[in-house]
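Dropping the structures in below, format is structure tokens.
Two complexes come next, and they have one chain in common, chain A, joined by chain B in the first and chain C in the second.
Showing the complex of A and B:
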């Protein structure tokens, strides 16, 4: 018993040392590799999870495409949302509204857990783009960037798509538009063609000639899919820049649990984070006043954190707890390429 | 002059071998150069750096010897491939190394050359530019780096800009590396990236080599080793009480101007090893209560280490600096996303422009933030701001920097000086008074 006052102190110290060692190991990890495997895991889950009997519901905040009927582990929320909004107004604003609201709340809860981390780590369409990028890199082809001006202009497209995605179904419900336009965003989303194809389901690769509206929608879908492949070969994360899900996420991101935090005092504005950013977000390097640095186009891939040489300048926090932060040592380890000693 | 050339031929070049442990003797009078006024200027400063302080780190001997050989004896410094002189830190040396050439920073700290430069430069120009031009106009100048195949002149301050034509008249081929004077805008980033590409083209013409993924990656690894070594050394300076004095740190980074890159890295790594041991054994270089100073402003370059030496001889310690002859030159590191030539060059370009806190840019917020961060990080008690008389941009920024620091309760000493030793007595009184006031403040607080 005489030892007892001492031993808790010792074990507490051990625990702290261990925790620090664990944090150091995480911060010094080969981040791109870790992220690659995480993305692969989530890709398998989001595309083939259904085969394992996983069912995560109809409100997933990522492209677990509903058209992938056998493999999906749940459904991308945008599909049910558009169907629900196309209900006749009397139904939508009546008792069915409760179901719609519940769906939204579940979506919201899923979303705030990971914030845009859904885009950077979970989204299968995002992973495919990163793999196309890796292919391009292997071929030694350089990527291109938007000029600052086009960046600012194009940045609006995702909000336009989001608005259309809500207005058109409401219009269908109210009888202004034909039902042939139902789930209008899904019709032009490249995911509708690409993701089912991973389970050898090519039924979406058709032009529907039954009505003029369907011809237009399916042709648009085929075009965006083509654009998706060409675009993401040239530009990193080409599609994410236009994704209405990304816009939707951003509008809801205020209370999110997962956050990207910047300590502007520690920033030297060296621009390392900007030069690795797939979405070419300038603020990550230039803004030294705003601690909540997740911008509208951010996909929370955390590459900026991994590329920051200033200890503690960038942090990924989950519910207030730092889970990954920039460190000098981690930076040096990750950037040590070529004939280093 | 003829003797000097003769000597350069005879003197054995310093080869890229491991840092030698042998102490270069002081008395050995080798040559007419080492008896010259210029050599004596260097000798006097070097002896002070060594003798005025007890217990210098043993690994510093490499640097003391290096400066004795190069500056006091005028030995030549061997280098492979073409020699590319740079007049500011913004010239991306990775590109130079990648194409098999060797950069040498021409910024000079010698009063001797300052006086030579004063013969043809306006009276109100700064000592650094005068000394650099004074050196470039001399035959076989010291450090003896050999014939320059190209002088890269980033278009920074007005004096350096206008120096370009004068350097050309002296017979050196000059490349003006176009640096924007606003750094926040996207236009400036693109402009600068283009400038850096043009520089790479120019180098290709000089060296006859092509920039490839392989050689650039290897060059990045080499300079990154230097940056790592520098950051490790910098890290030791956070310790309180200090284990390394500022005068030694300045000397180490000054050596980077002309020393062989790999040999320099090795020497700094050795020094870091020793500093680690010192930290463990709690060997300290200064008194426990020595005022900790962050040095900012015009760069101290050997032999003009006047002000840092005055601070440390008066019992203070320079724990960090924000100058282009030390911290600003080696602190920032490059991150590359895709290791292809284009992405590497763009990333490099960004590193040389975006974090730069040179006062030639329109705004100086980054410099103020950097100073505050250094004061915090290195637990400094005050800031000493050196402005060379005639360096308008540093003189102009003085007020805003002082205001920011004062708002945070950080005392600052502003010193306008030049390379001449005449004001040393007066300066030492001011420095002592400043350090004394810091000590009093510290006492009051405790």
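Showing the complex of A and C:
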């Protein structure tokens, strides 16, 4: 007896076939192109979303710069956090503390959805760095890498910046520092100058001579912006290495839904993943014991997954569901297209 | 002159004066029975049209006084009264001693370079320098981000005078004097003025985001002229972002116009003005004079800045009066405070041949005077430099690029040709 088209057995089989076909298509996709368009989409959303009336709130875990007053679709959480921490202690630890906690909870909920995928796919400053890298590649200029010793030393900077970003506002609230140091990290963040410029708002490209503190902070901001352009040109994702948001993310990343998983048994230590890693994370190639391979500097760009030739060695999972994994077929297809990640 | 004749002429003069019986601009005390209607209610107090003195004549005992001829009698135009205006107390300021204590703590806690968030106590000799709220790049106002879910309390003070720096608080009789507020939603509510050591103050709570139109009206009949003084204030419940509603909702950024007001002065908002925008010197300030919502042509509009600079223009058919807010803050550079708030006062005057009667006192003409105040801050161009900013960015880029290039060049080992000498092999 033949099964009718509505037969449950055939239907389930079809779905399995379709699902497998979809997984194969995703795993064999031209990852660089997909990521480029995703980054472009999120860049437009995070820089111009406000023009479309989008309001995602004040707790976004990415650089939707608050200084981009007209175009922002929400505000990077670091800006309101610093302002909130600068409240007088009796206010901060009083009733207003509920508002601070609420903001943090919203930030956390946003964050756990994408984990550090916010950095690799959504962050507009990250996208700008990737575009600068693409420009360098077209110009034929070779990129730089840190020595392992420099890498280990410099990787502490983001934690120092994170600590200062918290301590200085608390000091402002307690009266130890000037309000002119308000939002100290934002003052030195290149995003404050660069992101509003995409909406033709160049007001942040100024040195504020009103007080010595303002002079210092705005000069530091201009200097980091200059360094951002130079650094991003010669070093992939230069700024992400020092970003306190990245450190903040890592400290909260344990319960995140989006994860990078490594199956050490399938890893041959070929080093392809390390070669394509913009952040030079050595453990991605060397560590074959720890399945949770997302390290502190990782931006979850998933280029390592796309570059891995071993089927199932690296996987990106969302809430336990594999959404992208390394496959030999995918690797071969990407190599044959010359689309090396 | 014979004595009986002289006595009879004196009696005639006294009789005439008793009929007139009204206060003259030169009189210092309130004439008995001169009415003052506030928001339509007679209170018995009369503003002194010529002096800056507080309108507390009700407390003064009625006494015989010399009476001069009225303007109507002499034919000379009666001078306009000194503008009566409202000034919003700086945010965070609380009335009375508590407010001053809090302000003092705020000042002490800061570093002396600038006063911090919140406000300082209001001065007694004019509002100048009484406010120091964040201005800067517009971001400082985010200090309260996430804490503005509740109602915003706004306190306004009543002042009199055409010079913001030297004006006096109008410590008038507050009986029945109330602040009428119109919300952008169309809701109306009021708040009574309370008398305190800081003069007449009224406090309202604003629940919805946006601009509110607040006004207090004082009506006076003198010399056959009804003076209607409308002291207005544009109150704002502002925020960087708010409770699920888009911060880009243009309806929130518009001024609130009272179509039921017979005379009104409305500040025209800049196209990019939002819920946190500060007014700065160097910008254009545009005002529209309206009567029942329609523009009023031919009204005289005067703007006076904190330091006394003033300019008067006449409105055109569109009712608009445009001013350039000139810079009038020139401290020594070491004393410069970019958060220094100046107060500008703008008032509009128009006269209409509207006869009527107020509390039994007839008048042939109605004169409207509406006032509006706002705080303005130094323009960023006064203390910022694009040249230095862009220069430093470019300098770092050039130096960084050059340093990288030199570093790479030094690490590049020069090509050395190794020649294999077969004879030695």
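Simple rule for what comes next: the second predicted complex is superposed on the first by the 330 of 341 C-alpha atoms of A that agree within 3 Å, B and C clash if a C-alpha of one lies under 4 Å from a C-alpha of the other, contacts with A are read in each partner's own complex, and residues count from 1 in each chain.
Basically, a contact is a pair of C-beta atoms (placed from the backbone, for glycine too) under 8 Å apart; a residue touches a chain by one contact, two chains touch by 3 or more.
Keep in mind it's a predicted model, so treat the numbers as computed, not measured.
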### Query
Is the arrangement of chain B and chain C around the shared chain A a clash or a fit after superposition?
fit
### Query
Once the two structures are placed together by chain A, how many degrees is the angle at chain A between chain B and chain C, based on Cα centres and rounded to a multiple of 10?
170
### Query
A:276 contacts which: chain B (first), chain C (second), both, neither?
first
### Query
Is A:180 touching the first partner chain B, the second partner chain C, both, or neither of them?
second
### Query
For A:137, is the partner it touches chain B (first), chain C (second), both, or none of the two (neither)?
first
### Task
Could you figure out whether chain B or chain C reaches more residues of chain A?
C
### Query
First (chain B), second (chain C), both or neither: which does A:69 touch?
second
### Message
Quick one: is A:50 in contact with chain B, with chain C, with both, or with neither? Answer first, second, both or neither.
### Response
second
### Message
To be precise, I mean the smallest distance between any C-alpha of chain B and any C-alpha of chain C in the superposed model; what is it in Å?
### Response
10
#### Entry: chain B and chain C footprints on chain A, overlapping residues
none
### Query
Once bound in the complex, which stretches of chain A touch chain C?
50-51, 53-55, 57-58, 66-67, 69-70, 74-75, 79-80, 83-84, 86-88, 96, 99-100, 102-103, 144, 175, 177-180, 182-183, 186, 193, 202-213, 218-219, 222-223, 225-227, 229-231, 233-234
### Task
Please name which positions on chain A make contact with chain B in the complex.
137, 140, 142-143, 148, 264-276, 282, 285-286, 288, 303, 307-309, 328, 331-332, 335-341
### Query
Which positions of chain B touch chain A when the two form their complex?
184, 186, 213, 217-222, 224-225, 228, 231, 331-340, 342-343, 346-347, 350-351, 354-355, 366, 369-370, 372-373, 376
#### Entry: Residues on chain C engaged by chain A in the complex (per definition of touch)
109-111, 113-114, 116-117, 134, 136-140, 142-147, 149, 240-241, 244-249, 272, 274, 336-338, 380, 383-386, 388-390, 392-397, 400-401, 404
